[in-house]
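Chain lettering (A, B, C and D) follows the sequence in which the chains are written, and residue indices restart at 1 in each chain.
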Amino acid sequence: KPLKEGFCSINKVAHPVGSKGVEDFRRRLKYFFMNPCEKYRARGRKPWKLMIQIVKIAIITIQLVTFGLSNEMMVTFKDENLMAFRHLFLKGYKDHGLGTYVLYTKADIHFVADFLGIQNLTVGNLAYERVNGQFTPLSLCQEFYRNSSIDPGNETFDIDPHIDKDCISVYPGESTENNNLASPFNLSLDFKRLLSVNVYLTLKTINLQTVRHNELPDCYDFHTMSVTQTFTLIDYLLLWFDSVVILACFTSLLLCTRSVIKGVQLQFEFTSFFHSHYNKDVTWADRMEFVNGWYILIIVSDTLSITGSGLKIGIQTKFMTDYDVCSILLGTATMLVWVGVIRYLGFFKKYNILILTLRAAFPNVIRFCCCAVMIYLGYCFCGWIVLGPYHDKFRTLDRVTECLFSLINGDDMYATFLHMRDKSYMVWLFSRIYLYSFISLFIYMVLSLFIALITDTYETIKHHQQDKLPVSQLQAFIAECRDQPESGRYQSDEESEESCCFG
Amino acid sequence: KPLKEGFCSINKVAHPVGSKGVEDFRRRLKYFFMNPCEKYRARGRKPWKLMIQIVKIAIITIQLVTFGLSNEMMVTFKDENLMAFRHLFLKGYKDHGLGTYVLYTKADIHFVADFLGIQNLTVGNLAYERVNGQFTPLSLCQEFYRNSSIDPGNETFDIDPHIDKDCISVYPGESTENNNLASPFNLSLDFKRLLSVNVYLTLKTINLQTVRHNELPDCYDFHTMSVTQTFTLIDYLLLWFDSVVILACFTSLLLCTRSVIKGVQLQFEFTSFFHSHYNKDVTWADRMEFVNGWYILIIVSDTLSITGSGLKIGIQTKFMTDYDVCSILLGTATMLVWVGVIRYLGFFKKYNILILTLRAAFPNVIRFCCCAVMIYLGYCFCGWIVLGPYHDKFRTLDRVTECLFSLINGDDMYATFLHMRDKSYMVWLFSRIYLYSFISLFIYMVLSLFIALITDTYETIKHHQQDKLPVSQLQAFIAECRDQPESGRYQSDEESEESCCFG
Amino acid sequence: KPLKEGFCSINKVAHPVGSKGVEDFRRRLKYFFMNPCEKYRARGRKPWKLMIQIVKIAIITIQLVTFGLSNEMMVTFKDENLMAFRHLFLKGYKDHGLGTYVLYTKADIHFVADFLGIQNLTVGNLAYERVNGQFTPLSLCQEFYRNSSIDPGNETFDIDPHIDKDCISVYPGESTENNNLASPFNLSLDFKRLLSVNVYLTLKTINLQTVRHNELPDCYDFHTMSVTQTFTLIDYLLLWFDSVVILACFTSLLLCTRSVIKGVQLQFEFTSFFHSHYNKDVTWADRMEFVNGWYILIIVSDTLSITGSGLKIGIQTKFMTDYDVCSILLGTATMLVWVGVIRYLGFFKKYNILILTLRAAFPNVIRFCCCAVMIYLGYCFCGWIVLGPYHDKFRTLDRVTECLFSLINGDDMYATFLHMRDKSYMVWLFSRIYLYSFISLFIYMVLSLFIALITDTYETIKHHQQDKLPVSQLQAFIAECRDQPESGRYQSDEESEESCCFG
Amino acid sequence: KPLKEGFCSINKVAHPVGSKGVEDFRRRLKYFFMNPCEKYRARGRKPWKLMIQIVKIAIITIQLVTFGLSNEMMVTFKDENLMAFRHLFLKGYKDHGLGTYVLYTKADIHFVADFLGIQNLTVGNLAYERVNGQFTPLSLCQEFYRNSSIDPGNETFDIDPHIDKDCISVYPGESTENNNLASPFNLSLDFKRLLSVNVYLTLKTINLQTVRHNELPDCYDFHTMSVTQTFTLIDYLLLWFDSVVILACFTSLLLCTRSVIKGVQLQFEFTSFFHSHYNKDVTWADRMEFVNGWYILIIVSDTLSITGSGLKIGIQTKFMTDYDVCSILLGTATMLVWVGVIRYLGFFKKYNILILTLRAAFPNVIRFCCCAVMIYLGYCFCGWIVLGPYHDKFRTLDRVTECLFSLINGDDMYATFLHMRDKSYMVWLFSRIYLYSFISLFIYMVLSLFIALITDTYETIKHHQQDKLPVSQLQAFIAECRDQPESGRYQSDEESEESCCFG
């Protein structure tokens, strides 16, 4: 009777490889593939990792929301000021959707006067940047070819392609004194060889709205946003919170790395065991089962989150200003963390149909996309070269890609058609054939085929779930062990090392 | 022979639990689950409840349409006036889709003059509000920090975050006399510490268009719309109609509550009967069958309708002004009433495929949505934090949610792509990966999977309908009774109490 | 052997109802249900009806295209002039998509001056309408309440709701003489009781562009477009062509009516035959088979076409001006004619899958739509009453219907979301719940269910086509006759009457 | 044993047609239908054709990208200048999406003055075109009827439809001297009989931006872009590259034509072989198998590419200016080349599901489309004639087609609905019925049916792939040969001729 208890499988007598070592190994494997709840019931191990993940989701989301809200306020302030400046400085500026065309004739270049009077004009806290007690000037820089004599009438030109840059500085202090607005400074633009005129000016303003929300006001000078700043309590709280995030992510990173390493070790053990006992090689697919994809996801997410939070501390203590990198890191980390929640939903039966179907359909979808992308690319190149000169949406190659992608997904088709009027008849005809064939092919054929593909996979998955056959060697090996998590069989080994620390 | 008649089931002799009490109970159950027409045929009971529901649909819809039409006229009038005022008072106001940017320079704040001349300017019946014989003034209020010395040049500031509000009143009567438009009053705006400037003015107008439609003209003063008013015949008719609606809903509410209570009683009877006769417990699903979901829907709808109509009477008699709550209550009630019509359509065979499929698919859809929402939320957070500063549609978190939701359902994709140009290259690249992956994942995978899910459920439902197996204990129990409604078996009991009142 | 030849069915000896009369009748039935080609092969009857239909399609399409092209030119001319007039007369007119808001202050009403100078201002052939040698005046009409004393300040008014209309006429000849533009006439607008001001002016112009295309120029006076006109060759050609259309349609109408009548006669014969021989009643479905739906379609189309062409002649000879009715009649007729082409495509096998599926799915779709429409109507009412005051798309009930319908089919969702900002929080929240639930329900559930429905029907149809079982008594009766059209059996009877005329 | 080796099929003894000639022929056929890799393994033949195709894809894409990028720069330059000119010369020009309405009154025609001052006004290298030392003039041409007396008031006119064209030239040199801007020249426009006024002016400019990118600057005169030009190194490189493209395409063309010819020869051999050995005819489907469709695609693509590259050389050496034809040729060629990549993907199993499904679904889709197009055309005609005068999207027939096509694919529906307000009630009602029925029919029925069709085909294809039965005589004949490519059996014959050259 103790002998029978020792046996892991009591039903399948047809496969009598039941020495004690094999049973133990099989039990260890089964334990390894259990989910946290089952592990708790099997050995009483607290699901520390699960808890840490849940806590992590909460604090990472809080961190992100705080960050986002503070950025939101800042961006709104900057935008409104930028809009006001544009209306002030750019003649006839219109806030159209698609680009702005402001036309200057030679006589119009007297906007410098506006600059000199800005402190009196707009409603807001603006001041000129002052460096070493000096006002920073308005710089008006022109780029031109070094030496050129162009005569469009004779179709001859002689250009030295080296580009010179010449800047003229106007100091606010100066011209307001003599008030000579009509001709404020000597500006000679040689329009013949001119390439571009840029105006740089530096203004400072303080966003007083944030004071109300008990934050320290940020100071913008509309180029960078770094100003030394005294620290307040709120800033210290934010720093502390970021440190907590880093700590939590680091712990999660350690635990998951440990689990992955243990998985790899177990995989090697399993490979050698299978080789020695059954003299069979383990397939790659079986080997990959030991590496839990979710852990990899968490590790990537943690790494991103730690780096991002580090950068964020740097930004808040004004050592760095690389906002974009920081936001991409934090954003991607948060996205991965939320995607990771699906894993925990998958512990409940029936909840994982989305993930299972997506995973099963993935190879087919990729293969299918490869072919579709070829046709798609063909259309992109063709549309770019033929319609590019006549239609704004086909001007550059990446725009064509986006435009066609949008068309497939139901974008404004009529507008695209409409803008291709008034062309030469041949181009008009080509554009019609091009658009009708593209849309019909992709919306009616390719998208329908996509639905067919997914529907097919879904049904396959559903039948698999109902039948539940072990599909690989590994699963067949483990399936022989019928011990329930609650049976107490799993507790005998490794209790000393495991129960103290978290796993 | 009388013994055979007494038997409810004459075919299934294999289940001979046919004492008189059991038969009667079975017949009562079957009668309970009949639809109104069958009930009429079985016991001759008039379908009062059904009739009341039909009447209710009619009068509730009439009430809503009357309410809506009168609001429509009012809103149009208000809008047109508001538009005219904006063009009058806001310099350079444009009616663009996405926000208005009106830029004021210090010199522009002379619009008060416009106000003083408004009675002469616009075409309409406008007058200044007069309280106690005095004209109400135009109030110009500024909010500023109590004490501030800001020097953006030195990057220093010293602000007392307490906010002061200072208002200046201008009386129409005054300045028209001396006609001093250039400097109408002493307005000193300390722009350094200014937070906002608001202008309040109160005007009155009378919408004469409504006189033509035999309604009493409403008087608006563009802040609230409550003015004492003498009652006319039409108003009394409206009040009377609202009372009829309340009465009908109350009757319907009482009848449905009674039916629900009877259902619950029958359920308890059934539970104890099943326990005593078969010694089996009744499942929760079977118990819930006794509570008719449609009655719950009607009860909720009636409650909303009664409350809404009460509020509406309050608004019409000018005791209350909470239009929003009233409209939400009435609107939701009407929607539920119309949804309830499906129940009566379901009495005809084949008409209930929509409801059946939706109900059957519901658990799977919810489970599926849980997973999809996780990925969706991940994308939302990520898009908000990274793209928020660069794109208007990603500015706030709820906008991101709406924007992504719209993208899935075929919104203008190209415009979304387009507005992300002119950014730093890294953000540009991120936005492309972000959008392409999101759209592909959700439109091609998730939506296709949705179709697969619904198609699958539809087929399951169709097969169920063709087979018609009793699926629960309750249905199996009832199915043994083969008496047709017309057989006259159902009339023997309870005729005294039932036939007089409506059920 | 002659006995065997006389038998129509030689294989099925199990059903020996083979007297000569029965055979003949069966053969007549089979001939009746043949398509034109088979009829030609069976009896050599020329497919006159088919030819007439094909000719009809051609000439009706030509008629429509001629009509459409001439209208196109006219409409473009009118639009351009209207646009020019608007820019001339309406101050600050913008050609926005959604309505125009032009605000007039009292001082602006001096546009009459513009009118008087119009002959000198614009570039085009414009002249004032002259009646009996007199110029027609510019009429400036105001509508106002007969008697009103309104005091918005006191919230009192006393209005006589009878509406007066007062018009003032200005004659072009007059004021150009004295050139008194500042105060051209005595215009006293009592703004207190004013309802509307309308300006009517009558101008004439001649569209010279059409002369180039050899058409007689139309003369517009921008109110009606009827001017007496001398007839040219082209006009006579057009009238002749319209007559040809009417003739063709009339012939087709006669032939189809005759076929329908013959079908009905045959149906009565069949019913009495079946009753006397088999003593069985013929089902309604079988009876309806004798009435060819396509003939009904052609008859309706012909009737519309004849009426429409008649009206068109009336318009061209300037007796009538009801362009809308004429275009609707002709347009619908042409649409039906083109839809009718599917019938001829259906003569080839495999081409009729669209029509078959649509017809088979029709009852289910209608039933399904009934339920969906209830939910849809509920949402419409609810959206109208709650969101109407806050959102332009929900202002009137028919707009709500269109807006929600458009949303289901992938319209701009984000814009709809966006415009609901800046409302009270409760309305904002309601709008979100409303839109998300509506879109999810209809796009994900209802549309998916639609696809499931159609897919299911398609598969059913496909299986039916592969099995090809006779499904009705009528089909079973006819199927017993195996004679091929080419066998020559069909030619014996009725050759005298049929072969001469067309059938 | 050597006898058995000689046999191609050793398993199927039931079909002993194993003479040496038959075996050899079967082996040749099998070799013919192998893909390049198998051919390499079978006979060691290098896949030259494959390599040339891969090289071709690369260089054609590079050619296209170079061409496209250079055009992009040119078009941007032209657009910006055109925009600037429009703002300069057209009064009140707005860059709206849908057409521009610029209204001129008689007094406004003084824009010629602007022209004369253009050299001083704008910022850029502009000069008047000079021919033979003379400035080219600004030509102001009017078209009018030769003789006309129009009196709109009397509704009489007398027009000679012959059109005269009268041009007046203004020379820049002239009027700048006397500076007489108010009346620069004698311009008498007889507005009565005027048809159109066109202004032609010729300006020259040099795009200096390109100098920076080491290209020779193009010279535009805004009519054509052909200017004699000295050649630089880069131009020679481009010409050389185009020649390489032509060479590669020509080689590929030759090889593919040779393969096609060999296929046709083999087909004749096979037909006669089959006729002599089995006395059976070969079906057309089997014959077509010998003509590889991919080769046809490559041949077409190569022809287009060679012609296009030739034209491109012509354009670059400024002999031709037909940019449109060149771009259409090159674009289509590139598209076909990329579509051809799918062939190589199809060499891997499972990758060709897209192409297989599309090919299998093609006949059904075409048949289905035929029917759908009939209904579609009916709607087009009907919408054009009825709604044309009232809605911009229905103005011309091709617009209607595009608009309806866009509506099916999820275009802005609400906007289409909206613009049909303010019409006569009958037209309004018609438009609603029209749009609702069209959209419901096409989106819900036709599109769903499309999905059903594709899904059905996909499943058929999948089952075929799993079963893998030889479906034609040809395949059955070849399938009897079981020799693997690596077996060495294929090398014996033709080694002398084949191994030296590429195949």
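Worth pointing out:
Convention: a contact is a pair of C-beta atoms (placed from the backbone, for glycine too) under 8 Å apart; a residue touches a chain by one contact, two chains touch by 3 or more.
None of these values were measured; they are calculated from a predicted model.
The chains in contact with subunit B and with subunit D alike are A, C. For the self-contact between subunit A and subunit B, the two sides draw on mostly distinct residue numbers; the shared fraction is below half. Using mean Cα coordinates as chain centres, the one most removed from subunit A is C. Centre-to-centre separation between subunit A and subunit C, using Cα means, comes to 50 Å. We define each chain's centre as the mean of its Cα atoms; on that basis subunit A and subunit D are separated by 35 Å.
Contact of a single residue of subunit D with at least two other chains is seen at positions 410, 412, 451, 453, 455.
If you check each pair of chains against the touch rule, the ones that pass are A-B, A-D, B-C, C-D. Only residues 61, 64-65, 67-68, 71-72, 74-76, 80, 83-84, 87-88, 95, 97-98, 120-130, 135, 204-206, 208-209, 211-212, 214, 217, 219, 227-228, 323-325, 327-328, 330-332, 334-339, 341-342, 345, 350-355, 357-358, 361, 365, 393, 398-399, 402-403, 405-406, 409-412, 447, 450-451, 453-455, 458-459, 462 of subunit C touch subunit D when the two sit together in their complex. Of all residues in subunit C, only 96, 101, 103-107, 145, 148, 150-155, 157, 159, 161, 163, 189, 191-195, 364, 367-368, 370-372, 374-375, 377-379, 381-386, 388-389, 395-397, 407, 410, 412-415, 417-418, 424, 426-427, 430, 432, 436, 439, 443-446, 448-449, 451-453, 455-456 touch subunit B in the complex they form.
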